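Labels A, B and C are assigned to the chains in the order they are written; within every chain, residues are numbered from 1.
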């Protein structure tokens, strides 16, 4: 774990493309130990928010602060503390599972000998390590992608729709992993439109619609009802 | 700047009205006769085009590194004007060449370089139109690289041509024709001022479009 | 960190390419087809026009290079691995350098095949009497073309119409490279070889390379951030 920052703050962040608004004046703080659920319909701006937190997208107004510094002030080293898993999985299909993990381990300055085998084991792919990824099923790829994203022990863990196409067992594994990360001090942000999966997993709920943050509160029971009422009335 | 606009417009209009008279009164060049007078439009067109290219390049660089949308207005306006004035030059050049030397296009250094720069800035406009979201940045990179390559283009095309020397296309008219100085200066200034006037108008339009976009966005906020 | 990251990216691309050699083989074959098309276009009575060899060589490099650029970055689009690369804890320009080195390696191999082929078909064996100068012209031109091409291909990855926009943007801007490359290699075909002209073009190409690699390194990060 990197003790670089304990929280990430979005301060009045807006992002628009010409006339199309992606985000409007979003202010949100996420802290260590939180599992924040970014919930909202498709096109609400969840992916843009994740992109902003990952420093892949720049805001057109407002600032993103890691601890109390901006990404620019922290430089490339900031990215050592960020882990992203999006829908596309970010794996090279022509390479084997082991080669994928080794590449990313070295990219993050880790010793592959120490980390890759353990990651393969956690993904349940120890015997398939030298097979090419394009022969893997969706579930296998997802497990591998999860390990790849977490290989360097990031402080800020960003998941964008990670549950798509997973069976129940896999969903359970991912959820458990997220809980472990949060209790170890990571900041977990999870964007999804699947309320059932979010229910019981997230500790905080940030509801997003049409680029605006319409609710930001601790999670409670009856997530679905809360979501419906918030979306319906706003 | 706003206050200067109306008087500037009047001055430019007056200059363009006066120019043909001055040009008609200017002495004839010995070998080419009447057609040489196209030079008073041809060369100032290039001056306006190069001014536009420099403005576009600088604005694009600032936009790329600082992200200020109002600077981007200058970049797109200047690019359009570069294409416009470039087109004027590329039409008057062959017209002159055809009449004076019997050939429409001889690959002379200046016209060829200008054609390449014209292509680069047409590409700029195409990127903005067809590039999809985020195309302003891509176009800015095109303009920046295009402006940076301009001296290389000119130098390499120039050397490429002088290996096989042909008749020099732009003779030293200023030295051979003392009476050409004043109308040439008038034309040059008139074209540069025309460029400034058009740039101001176009930037204003672009800014209004941005304001409109911002209003739409603000509207949704309510 | 910078150089390490660049070399890691290069090694990764090399590993992927070695599995199937897809981009290399198809690029080579395309380049050869290019040469043949131009041969049929220009050869008359069994002879090509003077200096045609130089022109044909560089056109083949430019066309094949453009295709290879598109295909290399298409690989990073699939599975959005480009995003993962941009998240590496190294200056993002290092990714550019890694990709550029890969492109240079690919074009180097292509030229290794094309130069002898063109020399063979168009009686241009005079090139090999001045190997160092020939290499310098090839290197100078290829670096310039690849430097601008890699940047543009990277920035166009998320754009619409990217396949056609790449050549539209790349060719006018790299015309000095084409001119320098063609005139430089043509100078070496003269008898005796015109070393002065070739050296002059090498100088111009070198200046172009320095300017545009620098410009690309500066602009890579702002362009890759959305």
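Assume contacts are C-beta pairs under 8 Å (C-beta built on N, C-alpha and C of every residue); 3 or more make two chains touch, one makes a residue touch a chain.
Quantities reported herein were computed from a predicted structural model and do not represent experimental measurements.
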Pair joined by more contacting C-beta pairs (A-B or B-C): B-C
Centre-most chain [mean C-alpha coordinates]: C
Per Cα centroids, the chain farthest from subunit A: B
Whole-Å gap separating subunit A and subunit C, where each centre is the average of the chain's CA atoms: 38
Distance from the mean Cα position of subunit B to that of subunit A, given in whole angstrom: 49
Cα-centroid distance, subunit B relative to subunit C, in whole angstrom: 31
Overlap residues in subunit A, where contacts from two or more other chains coincide: 58
Multi-partner residues of subunit B (each touching 2 or more other chains): 67, 134
Residues within subunit C bordering two or more other chains: 226
Touch list for subunit B against partner subunit C, complex: 64-65, 67, 116-117, 119-120, 123, 126-127, 130-132, 134-135, 137-138, 141-142, 144-146, 148-149, 152-153, 155-157, 159-160, 163
Subunit C contact footprint on subunit A (complex, rising order): 51, 54-58, 76-80, 82, 84, 86, 88-95, 99, 103-104, 106-109, 132, 148
Contact footprint of subunit B on subunit A as seen in their complex: 16-21, 24-25, 58, 60, 210
For the subunit C and subunit B complex, residues of the former touching the latter: 148, 151-152, 155-156, 158-161, 165, 168-169, 172-176, 179-180, 183, 200, 204, 207-208, 211-212, 215, 219, 222-223, 226
Residue ranges of subunit C touching subunit A (in the complex, touch as defined): 1, 5, 8, 12, 15-16, 19-20, 75, 78-81, 83-92, 225-226
